[in-house]
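These are the structures, in structure tokens.
In what follows, chain A forms one complex with chain B and a second complex with chain C.
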Partner chain A sequence: MQFTVSQSDFLETFSRVSPAVPSKSTLPILSNVLLKLEGDLLQLIATDLELSVLTEIKVSGIKDGSIAVPAKKVGDIIRELEGMELDFFLDENMHMQIKAGEGEYHVPGISAQDFPSLPEFTGASNFSIEAKRLKSSITRTIFAVSKDELRPALTGVFFEIMPQELKFVTTDGHRLVRIIDQKFEYDGEPQELIVPVKALDMIQRNLPEEGDIVFSIGSNQIMLKLDNITIYSRLIEGKYPHYESVIPKDNDSHLIVSTELFTKMIRRAQIFANPISHQIVLNISSNSIEISAEDIELGGRGSEKISASFNGDDRVVGYNATYVLELMKQIDTDELRIEFGAEKKAGIVRPIEQKENEDFMMLIMPVRLN
Partner chain B sequence: MINPIVSQKMRAEAGRRKKTGKLKESSLILHVDMDAFFAAIEEKDNPSIKGKPVIIGGPKGSRGVVTTCNYPARKYGVHSGMSLSLAGRLCPDGIYLKTFSGKYTWVSLRLMALMRRYSPQVEPYSIDEAFLDATGCAQLWGGAEEYGRAVKNAIKNTLNLTASVGIGPSRIVAKMASDLNKPDGLAVIEAHDVRNVLGPLPVEKIPGVGESTRKTLAGMGIRTVAQLADYPVKLMKAKIGVNGEALIKMAQGKGGDKITGLEERPDDKSMGHEHTFMTNVERCDILHGKLLHLCDKATRRMRRENYLGKVVTLKLRTSNFKTYSHQRALVHQTDDAQEIYKVASVLLSDLWKEGEMPVRLIGISVSRLFRPGEGNGVQEDLFYAETVCKRLKMYKALDSLRDTYGEDILGFAGGVRSRRHGISV
Partner chain C sequence: MKNIEKILPTSSIRVLPEGIANRIAAGEVVERPASVAKELIENALDAEASHITLSVQKSGIDEILISDNGWGMDADDLPLAFRRHATSKISSAEDLLRITHLGFRGEALPSIASVARVEVISRREDRESGVRYSVSGGKPVGPEPVARERGTTVRVRTLFYNVPARRKFLRTPATEYAHIVKTFRQYALAYPEIQWTLIKDKNTVWNLQSTDLTGRISQLFGDGVLKDLHNVSSGSGVNLVEGIIGGTNLFKRSRGDQFLFINRRPIQNQSLHHAVVNGFGPLIHPGQVPFYVLFLRVDPEEFDVNVHPAKHEVRFRDEGGIYRMMLVATRDALGQSIRDGSAPINMNIKENEKQVHKTAGLQFPKPPKAHRVDGIRELELLFGRPAQDQTKIDTIYPDKPGKSHYMSQEKGDHSNVQMSPGSGFNRNNEAPLAGKHDPHDHLPLTSQKDVKHLEHQSLTSVDNKLELQRVNIWQLHQTYILSQVKSGLVIIDQHVAHERILFERALNAMQGRQWSGQQLLFPVEVKLDPAESAMMEEMTPYLARVGFDVEKFKDDYWLIRSFPSGIKLKNEEKLLREIIADYRMEHALKIAPEESVAASFACKAAIKAGDPLNTEEMNALIDELFQTQYPFVCPHGRPIVINLTLDEINKLFGRT
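Right after this comes the complex of A and B.
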């Protein structure tokens, strides 16, 4: 195997697949990237067995061949050879020699046969979605995904695919985000998928600015062919909780407040909150809202009041400030609305105005005040 | 029950001393030590064995050690810490009983609660021992001896058990005094009498002086407490290191005059329990059962102290004495035994599988403890709010039953079953 390629082209392509390489794995081969040369086309493949990615690059091919090379070492050295022309040569000892100017670097490789093959994909159905809308929906939902491996279904984004709408849902049990994309057409049977976060990260990274993206759904996996990369991911098995049942239906008390002022106020109050619970207390009355925080153990207290409009009875509610701030980041309207219902039930947070053809809402559970 | 006015007086006295910081001059400490505690409880529960040699620890000749034996058994040479096989040879006709720790803990809790009626500062020292700050309290009873007798009588009348009580100017003197007239003893050593009373005793009467220290001291010609008290500190430090000075101070009766009450204790960093099996375990179901039992015990303590925990650590020791420990963070802080067990059992399955080296010890601990309170509430959950609410009620009922009838009144089925496979908790 022998080829020549410019450092910038190779690095750009290599960096596209390397995020799929697992940081820790019981299978050492997975810390490698597979290089496969046929003519002038070099394929790069990385996998953690859940997520597999394949990308291609034009090189000046001299001799075909394939080899798996350690992702970290190759990535690290290539990054240091800025602006140079790279000559790759696989010697008889399965060492990949990389020559750049006066430098010569030998990286031990592993036989391509030991590298897991790409999953066989038999697409059963597919749907398409505008890249821009997909990107925005992933960004606004992914933060609320659970990290609890004991509740695996919650560690992914739930896609509910229906003829006229596509729903994205995430929750970690404390917050829940749901986006209904109504600018959606699909003529197959309704489907439900739980897509792992790592796959969505990879998709988001590689989405084009414009155009539509096609998701192919196979048995327990999905595949996306983007401009310069093909992504395969297993889906998370298990049943997503019946989330609709926890969305309150009778949250009739509405608070309307400036997104920016509210966010800044919480950021200031958070400094005085207990570092474990991050508890802040909202004292809401018809025309104002007071936010306070106090760390009883270490001392210190902060409170602040701003005007707001509220149509319910005065109420006091506690939240984890970190959770509220994460919700605020997803709101891009000047004002936001929080809808309250029964005590101890979730509050519903929405932008004051919805985007066209979209319904976006977030739930947040309160902290039990003592 | 103590007169509430007297109790108020005691608190006022304690408060006054706290403010003035004057404890040194007149401090008086009471040490209460239950007589053959486990065996006495068993005798009380089953009067037919009273007066016969009773040995607690396990079946005669089995693996394990004697945890307690009563005085008739001691006449045969049996003592705590002795292997059960040796005890079986020395006292073949003794009555051998398993350690029933839940029952003893229950009595112990009642004992500590009772002691708190007699002093505002009570420091539990072990399951059957406590130090009481007697400064100021004693004079309310007409003197140290009367006070000591009142404590003893209260224990006798309330728990139907006997205790030995020692009173002295420091913890060490009080502790050595309680040992003087065991069982059912009472000894008061006044500050000016410490040397006269304790001086002639052999050095091994000092708590913490075991066989090896005794031998070292004997090698230096020191056999009595007085000889140790008079030994030059510098020389002792040179011979046995930094502990030398502490040892001499103890012999002089200078050893702590401060009692740390529960409310003054620093916050706990972690809470846990471990268990050594009677015979090494090769079965997964037994380990899981024991693990559930340990999670139950740890969370019971957490609930009692109003803690929630965030990190679960599992400890495992295999028959070749290798110790493994794995931990995992919980998503929610909890004091729920079932939630902790869920994580612990995943750790156990990751760490050990049937067919691997048999397990000798299993332990669980919960750390990153947090006390909910003002400014520090508990995060509600979207999906488990109802479950959490039901569980809270269940644990409340469970705890209140255990407070009234003892730890063993009710438990998780898996945890109860596992108890057949071991005793030394």
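Right after this comes the complex of A and C.
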């Protein structure tokens, strides 16, 4: 195996697959990137067995062949050879020799046979979605994914694929985010997928600015062919909780408040909250809202009041400030609306105005106050 | 025996001849060689000796020899000393109520002389030579002049030679020697400023140079114990308790290393021992005995030692008050004192001192700084340690017996356990006003000038240490938190640290403000077995106080609707099952349900070894840890914080 390639081209391609390389793995081979040369086409493949990525680059091929090379070492040296022409040559000892100018670097490789092969993808159905909309939906939902590995279903983003709409749902048991994308066409059987966070991160990195993206759904896996990378991911098995039943239907006390002021107030109050519980208290009346926090253990308290409009009876409700702030970040309208219902039930947070063809809402569970 | 035979047939009531009376008294005072040693040691102490040597042959059965460098006696005193009730120490019945000497009954020498061969050599400093006087089989020999330095030597040989029954009942030499050692240690601890020598069969066992209490403890028990000693100093009114208690590392399974003194007289009192044990609260388990050397200073009018000739039993006028004082003192030492690196704040302390000095007239030795204390104070300065309120202390360790240690509403007499509110630094600034800067200096600290001086010192030292506030903090193997402090290195076990935090918060929640519960979007359904379900019904109200909203909805199916806020969301169902299982075990130990729930919850909900923590989380953990009452021991008695001093580390590397 022998080829030459410019450092910048190689590095750019290499950096696209290397995030899929697991930082820690029980299988040492997975810390490698597989290089496969056929003619002038070099393929780079990385996998952690859940997520696999494949990308290609044009090189000046001299001799075909394949080898797995350690991702970190190769990445590190290539990064240091800025602007140079690189000569790759695989010697009979399975060492990849990289020559650049006067430098010569030998990296021990592992036989390509030992590298896990890409999943066999037997495509079943497809759907397509505008890249921009996909990106925005993933960004606004992924933060609420659970990190509890004992409940794997909650550790991914739930995709509910229907003929006229695509729903994105995430929850960690304390918060829930749901986006319904109504600018959506799909003519297959309705589908439900739980896509792991790592796959979505990889998709986000490589989404183009414009155009449509095609998801291919296989048995328990998905594949996306993007412009310069193909991403395969296993889906999370298990049943997603019946989330619709926990979305209150009768939250008719509405609070409307400035997103910016509300956010800043909470940030200030949080400083005085207990560092473990982050508990803040909202004291809401018809024309104002007071936010306060007090740390019984460590001492100190703060409170602040702003005007707001509220159509319900006065109420006091407690929240984890960290949770609320994360919700605020997802709202890009000047004002937001919180809809309250029964005590102990979830509050619904929405932007004051929905985007076109979209329904976006977030739920937050209160803290029972003492 | 001859006398009795003569008396009995002829008359029914007679005044006993002095020899018989002495032998009866000896039966009370002289039980075994150790009691001889005790009586003679007390005489030497009353003679204000600065070096006392105790030498025994065959565990004291063959010979007990006490030699001191005290006042000494002259030819006129000596024969009198062998007369019953001859004492230089009290002269009237009124004096009996205000006993400040150790020996006072005038029984010791005549009693001993009635059951052993006794020889005394003594010299008063103002006499030209010493004198020898001996009594053997009731017959005096001497006094005759002999050469001797100032002081007294008493040699007691063939104990119980004339009381075969007593001699027969002596235990093995090993046991008798153990009693001698115990007696020797008691007095050596009570009088660390005195040099003590113990010789066994001509071999020197101990030669203890004059030192202070901590020094004496290390002489007797080894340097190893120093790491886990905590100063005790507490009291109100005229009563005071001072000394040292050992931490959880020094727990033993058997009695023996507990030393209690009243006005420096060794005493045994089951009730006060219990007070100390109770002061450890949940840190001590049944069957464990703490190490302590405690000195009660009580107005002599407040207690009576004249209960038994051997004087080791004491009656108090206000035993309940003394009990509470001991209990509170122990708690303080374990909780607040350790963290402050000093004695608890006691606004009345100077007043106490005056009265104690006046009444007891004893000079209490100044113990040196226990070295771990400095590291800990430093630690607190580093990590900061904000306010605490009085209620917290009261609710966690109230006094009321019978009910739980934790739950009682009763405040008890805590006037001496004031904690200042305010920031950690305010606390330290206030400290010197209460003599808190150096707990060991508080006794001599009487003048306003001294106080001002110390105040100034304290402020500047706090300022210097403040610069160290931002130090690095590391996690080791996702199990321990490491941080540099000025004195060396501290290592914190993350699991037990968190367990301690949760345990105390849970206990607080049981009593006061309830722990808020984070409501769950998806209530968790748990199927319990019938036994678990029954347990659960019992636990529900207590679980609610720590933020669990659990509800039975059919048969043995339960719903968890909320979870204590601030606890990282894990598997609620698993957690609940673990808590039930743990509760069952605790419950079997007959621990109150609220405590059991708190303990089980704390243990199971705490972060585990292997949980990664970021810097912010580690800092928060440490902040909270130092808010707790007992930041150094987990609810099961394991250490939470280990302080490795630079000296210790240097030693490991062979740097000296």
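In this section, the second predicted complex is superposed on the first by the 370 of 370 C-alpha atoms of A that agree within 3 Å, B and C clash if a C-alpha of one lies under 4 Å from a C-alpha of the other, contacts with A are read in each partner's own complex, and residues count from 1 in each chain.
Operating definition for what follows: a residue touches a chain if its C-beta (ideal position, glycine included) is under 8 Å from a C-beta of that chain, and two chains touch if they have at least 3 such contacts.
All values derive from a computational prediction rather than experimental measurement.
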| item | value |
| --- | --- |
| Simultaneous placement of chain C and chain B on chain A, clash or fit | clash |
| Which of chain B and chain C A:G299 touches, first, second, both or neither | second |
| Partner chain(s) touched by A:S277 [first = chain B, second = chain C, both, neither] | both |
| Contacts of A:V316 with chain B and chain C, given as first, second, both or neither | neither |
| Partner chain in contact with A:K344 - chain B first, chain C second, else both or neither | both |
| Contacts of A:I256 with chain B and chain C, given as first, second, both or neither | neither |
| Touching partner for A:L49 - first (chain B), second (chain C), both, neither | neither |
| Intersection of chain A interface sets (partners chain B, chain C) | 146, 148, 150-151, 171-176, 241, 246, 274, 276-277, 279, 296-297, 318, 320, 344, 346, 363, 365-370 |
| Of chain A, residues touching chain C in the complex | 146, 148, 150-151, 171-176, 241, 243, 246, 274-279, 296-300, 318, 320, 344-346, 363, 365-370 |
| Touching residues on chain B, where the partner in the complex is chain A | 331-333, 342-343, 346, 368, 370, 372-385 |
| Contacting residues of chain A [partner chain B, same complex] | 146-148, 150-151, 171-176, 241, 246, 273-274, 276-277, 279, 293-297, 318, 320, 344, 346, 363, 365-370 |
| Partner chain A, residues of chain C touching it in the complex | 386-387, 423, 505, 509, 513-522, 547, 549, 561-562, 565-566, 569-571, 574, 620, 623-624, 627 |
